[in-house]
Amino acid sequence: MHIIINIFAGAFLLMGLVFFLGGAVGIMRMPDFYSRLHPAGKLDTLGIFAMVAGLVIYNFHHLSVAMVLLSIKMFLIVFFVFLASPTATHSIVDAGMRAGLRPWTRKKEKES
Amino acid sequence: MKFLGFVIVCLTGGLLLYGTMDLPDWGDPASPASTHLSDYYIEHILEETRVPNLVTAVLADYRGYDTMFETAVVFCAGLACFLLLRDFRPKKDRYFRHIPTGVMLHVKNPEIRIIPGNEFEHMDREWVPSDRIIKTVCRILIPFIQIYALYVVAHGDFSPGGGFQGGVIFGSSLILMAISYNLKTLMKRVTEKFLSIFAATGVLIYVGLGVLAMIMGGRFLDYGMLAPLVPWDPGHIRALGMLGVEIGVGIAVMAVMVIIYVNIVSEGRHDEGL
Amino acid sequence: MNHMPAILVLAPLSGAFFSGLAAWIKPSFSYYIALAATLLSGVAATCVLGDVMAAGTVQYRMAGWAPPMGIELRIDSLNAMVLVLISAIAFLNLVASVRSVDREIPDRAPSFYVMYQLFVVGLLGVTATGDLFNLYVLIEITSLTSYTMIALGEEGRSHLAALNYIFIGVIGASFYLLGVGYLYITTGSLNMQDVAVILKQIPGSSSAVLTAFVLCILGVWIKMALFPLHVWLPNAYAFAPVGFARVVAPLMTKVMVYVMVRLMITVFGLDYVFNTLHLADIVVWLGVIAILAGAFMALFQTDLRKMLTYIIVCEIGYMVGGAWLGNTLGMAGAILHILNDALMTFALFLALGNIVYVRKQVAFSNLQGLFATMPWTMAGLVLAALSIIGVPPTCGFFSKWYLVLGAFEAGAYHFAAALIISSLVCAVLFFKVFEICFFEPMATSHGHHDYGGVVMTEAPVSMLVPLGLVSTAIVAAGVYAGTIVNTLILPFLQ
Amino acid sequence: MTELVGLIVAKYNFWLYIILMMIGLYAMIAKNNLMKKLVGMNIFQTAIILFYVSIGYKHGATLPIIQGDHGGHGTHGAVIHAAEYINPLPHVLMLTAIVVSVATFGVAMALCVRVYRRYQTLEEDELRIRLSEK
Amino acid sequence: MQTGKQEEKRAGFFSFIITFVFMFATWIILSGHFEPLLIGLGLLSSLAVAWFFHDLLFAGAGVRDIGVFVRFCRYMPWLIVEIIKANFHMLYLVFHPRMHQMIDPHIIQFQAGLTSDIAITTLANAITLTPGTVTITANADGGFRVHAIDRQSAQGLPGEMQDRVAHVYGETR
Amino acid sequence: MIYFFSCIAVGLCLVMILPLYRCLMGPTVLDRLVGVNAIGSKTVVLLLLIGYLYERVDMFVDIALAYAFLNFVAVLAASRYFHKRKGLYEESFME
Amino acid sequence: MLWPIDLIVLTFVIFCAVAAITVKDLLGTAILFSAYSFLMCLLWAVMGAVDVAFTEASVGAGVSTVFLVAAVFRTSRRTKD
């Protein structure tokens, strides 16, 4: 039983790490500000979700009321991030638009 | 100036490097700092105060006198921002919007009075409509942040946190309201008078608890002496006293954070902001 | 149980918040609450002084915990004296400032009184406490309030002065905090007595202790504006509102000198300071430079207020040099000079406040005919000036006397010479001022050719009474200087 | 050589705090912009806090919150070993210091806003020119 | 007029109660202590928050409809699946060595037939979270501007997602 | 398993280098903001992981939660600046 | 097994501090300062100072940054160094 829990938890954590890595690489590699927000906004959110899920699975080692409440509390973070992260992303994009930042497009690339 | 700065930095850095040579290693459990007072605190706090969070116990009880002044410092900062920035004079340039038509009016003459109401709305120069999505999300989040802040205040005894942190989070939830709606919405909800009274009251709760202990025959801030007043387990009286103190700190800090933010962001006019 | 040491600090503290609340009911209430609170704290300070003289050191354990665990207030004859001084000056200045505050910051007077009381709390707390970290917090309260109140002065320049003061003041306070950190890591305690006991067991060559000492003293020096670190002081004090300048100028630097003396005597021990370290000569030289620099920079000022601020810089040199002479006489002179200098500076700034109240400007060109129009104020100014110069019946003479004796005993003739030179310079300075005030006619400068009679435009009574009281105190402190030294200072030093 | 390396490794936290502090101090003294100076001030104070927190750290110890006794019903005979918990005192001191630093920060920023309102600049050299003009 | 006011009052009271329940549930989850003192404090603080800020949490339409919660709970798993699919697509893009040829950022606009604040917000957040699209602005009348990273992600808009959101809030056309 | 957690934590720390680079070098202010946002979301998880390393995760959840809130507030405030003051370039690159 | 995290984060913190005082835009300073505070909070959590970390998270990252942005909003973003 413990082995299974550990394997699941580890798998989720690794998945989260991969998501985070993807987000980070995306932030580095993407050509402009707008496209950078895509990996930053999405992959990080899912990364948090996967990692917290993994940690919650790990919590099953010591099942008790306190632990269950703790797990719910950890999911509260996820809930919060799911609500806040897209909004933050949206806010940043909006700021970029209002600040007059031109989006990068394929045509521009060809021209230059 | 750059050269002078560089010289001073080098001198100070050299002094610090020299002084650090003799310090015990990082994380050494046998260093004097970790043995003399800290041992006493760690071993005796739980039985003396029944508070598991040692930091809160030392903060609010053993060194409660410090914390009282810390709260006074916060109050002082709020008052300072009010004193330095608050500007009651009417503004020269004002902007109004005629609500039915959406026309913006720019009023330069301070004599002309337009009463904001159903027809006209007071506007900022750099007014933008508050974003719908942000507004909705913040509307949902703010109550949760607030309950969380109150939770942090109340659970300072068991988990990290306490009055100060809770107060700051509560204050930032109000700041979030000012950011997502606009400053006037916030100032309509929590008026300036309310905030300043809260700031003073918070510290007075702290001082008042201490004086109450003095009246009951103990030293200043000696919460143990409050036991006859509270129909509760007398063993927990110190923990209860700390809770009361934390609430006071939380109230004061919450009010002061909002005061500082509002005054800075509107240059003391309390009309427009971020 | 004797609660006086706690009430001493608590009265202005709770007074501050009550006057903040009362201002919402009626603005003038806050002034009366402030007055009552400072008076109460003055009474408590006097009681504590009586206790100390009767029964020795008074301790007050905050929250009932024994000293190394909790914080204690520890009042011996040295701080008792300073405490009485602070609360008396705070009270008198509050009496004097009701008119000037109404004129300078009319719309924010209640907030000013709240701030003022917090400032007094800070000073009293710094003096009364027996805990190193508590000292830091209270220094920060004092600094924060003074930043704010300095910024309430003249629009623009006072803000820059306050901002400059913030940067330098934060460096000072942080250095002190860092020094406390080094002390804490080597001793594991924060209580002054406890630290002193533990430090005695540590070999003298520990570089951490040396660093701690240097950082603490450096921090305190920055806060007290010793000469090369004084850059913030003249502007800050010159542009502050008068009601605040009158209290910050005499008290802030003196309290910091007290902190230095306390650190030297109680925490590190005179033995460590003078025998293990060999810094005394350098510091006495620093004192000499401070005295001379302060005095000569004062010579070049064309504004009475700026001149007085440089005189403060000069006086700090007296106290630092005297404290570092390394003998009892020098230390006694320095401690006595804390008392005397606070009184003298307070008298000077009170007189200055009166002149500002009547004339608005205090540039030298604007002082003509003051002796005729403001005789009482000028009498106080003359007395204080004589005391600064060091003319015998006034108190300034006696502290200088002790300092000179100490200098001769230590063989620091340069220090004695600097004292005498600065006295001469001060004499020149003040006679220049008196000359302007006495001899030059005022009528032409004001444009109305009314040679017929001189109109008395004396400051209001509420501003003259404190000046009179302080002038009396200056003479009294001079007359009873021997008693003060023998009953309060020397027992402490032995 | 190995001694030196040992010295560096054993106290790396302290060395790094000194670097951080010097960055802050340099910014406070040498930077031209008032806001930059403020940020430098905050970095300086944070470095001190880092120093204190480093004092409190103990290898192999846990947080300064007593474990397994959430109700606070006394110790029930369980002995608390001082070596198991991190020293709480520096944390307490630093809480106070953080509060003080944020208060100073707020006041300084209010002053900056006032200065800007009066002189329309935050650069020190420009401020000096403005002052000498009047 | 009278009834309207009463209606408003009742709605206010209802949202007060709901907010209070939500707050107290949150407190229980956060706290994890079941002592009388802490529960009492929790009641007090939930009351305070609900009293002062009850108009925030449920200001828009659909408050009185419990069905919204149920439908929202049914909508969540679908959303999560979509998000995961989107993220794998994103991962593929990010790690692809010739990423610059594959992406084609452009802005699309469409009109969503949603009216209430909460519905628009849900849709906007869902768009931000799913296939390479980020909401730029959402007008009051439901006009969306969306920044899409490539053609493939842009195709799905405003398709199934909008219908589902509309269904959740009972705004089916 | 604790060892595994610490490996994951170190991995997350290393992943943080990339947003940090964006944050330090980002051509525009908004790029920095994106970087800070990404750092914030990683730190939330990192705090939880540190909690597991100390085996006291119940203490760290509170901090992580507060962290998530305040990251949101900070990012919102900074982006709100551009909603009000429009120019991204006009002031920053003068001379 | 905490020291690697400690070391890495400390290095980050120093980079952030240097960048915060060298960047030629005050809003950038504010944002980098918030990153600095975030990392500082993490550092203190690593060293077991949970209360300090909490305070820094709430004060440094939340409120200080907002104050700084507000002050920049009311003054100017321009800086010469």
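Worth a mention:
By written order: A, B, C, D, E, F and G. Residues from 1 in each chain.
The rule we apply is simple: contacts are C-beta pairs under 8 Å (C-beta built on N, C-alpha and C of every residue); 3 or more make two chains touch, one makes a residue touch a chain.
Bear in mind the structure is a predicted one, so any value in this text is a computation, not a measurement.
Each step here moves to a touching chain, and the least such steps from chain A to chain G number 2.
When chain centres are set by their Cα atoms, the one at the greatest distance from chain G is C. C-beta contact counts were set side by side for B-G and B-C; B-C has more.
Mean C-alpha positions place chain A and chain F at a centre distance of 12 Å.
Centroids of chain B and chain E (each the mean of its C-alpha atoms) stand 31 Å apart.
Averaged Cα coordinates give chain D a centre that lies 39 Å from the centre of chain E. Per-chain CA centroids place chain B at a distance of 18 Å from chain D. Residues of chain B found to touch two or more other chains are 16, 20-21, 23, 31, 33-35, 37-38, 41, 53, 55, 59, 63, 66, 70, 73, 76-77, 80, 84, 128, 131, 133-134, 137, 140-141, 144, 148, 152, 158-161, 164-165, 169, 172, 175, 179, 260, 264, 267, 274.
Among the residues of chain D, those touching two or more other chains are numbered 12-13, 25, 32, 54-57, 61-65, 67, 70, 89-91, 95-96, 99-100, 102-104, 106-107, 109, 111-114. Residue positions of chain G with contacts to 2 or more other chains are 48, 50-51, 53-55, 58-59, 62-63, 66-67, 69-74, 76, 78, 80. Contact residues of chain F toward chain G in the complex are 2-3, 6, 9-10, 13-14, 16-17, 20, 23-24, 29, 32-33, 35-36, 39-40, 43, 46-47, 50, 53-54, 59-60, 62-63, 66-67, 69-71, 73-74, 77-78, 81, 84-85, 91-95. Residues of chain B that touch chain F in their complex: 126, 128, 131, 134, 138, 141, 145, 148, 152, 159-161, 165, 169, 172, 175-176, 179-180, 274.
Interface of chain B with chain G (complex): residues 53, 55-56, 59, 152, 160-162, 164-165, 168-169, 171-172, 175, 179, 257, 260-261, 264-265, 267, 273-274.
Interface residues of chain C, counted against chain B in their complex, comprise 1, 3, 6, 10, 13-14, 16-18, 20-21, 24, 60-65, 68-71, 107-108, 111-112, 114-115, 118, 121, 125, 131, 133-134, 137-138, 140-141, 144-145, 147-148, 151-152, 159, 178, 182, 184-190, 198, 206-208, 210-212, 214-215. Residues of chain E touching chain B in their complex: 19, 22-23, 26-27, 30-31, 33, 37-38, 41-42, 45-46, 48-50, 52-53, 56-57, 59-60, 117-118, 120-121, 124-125, 135, 137-140.
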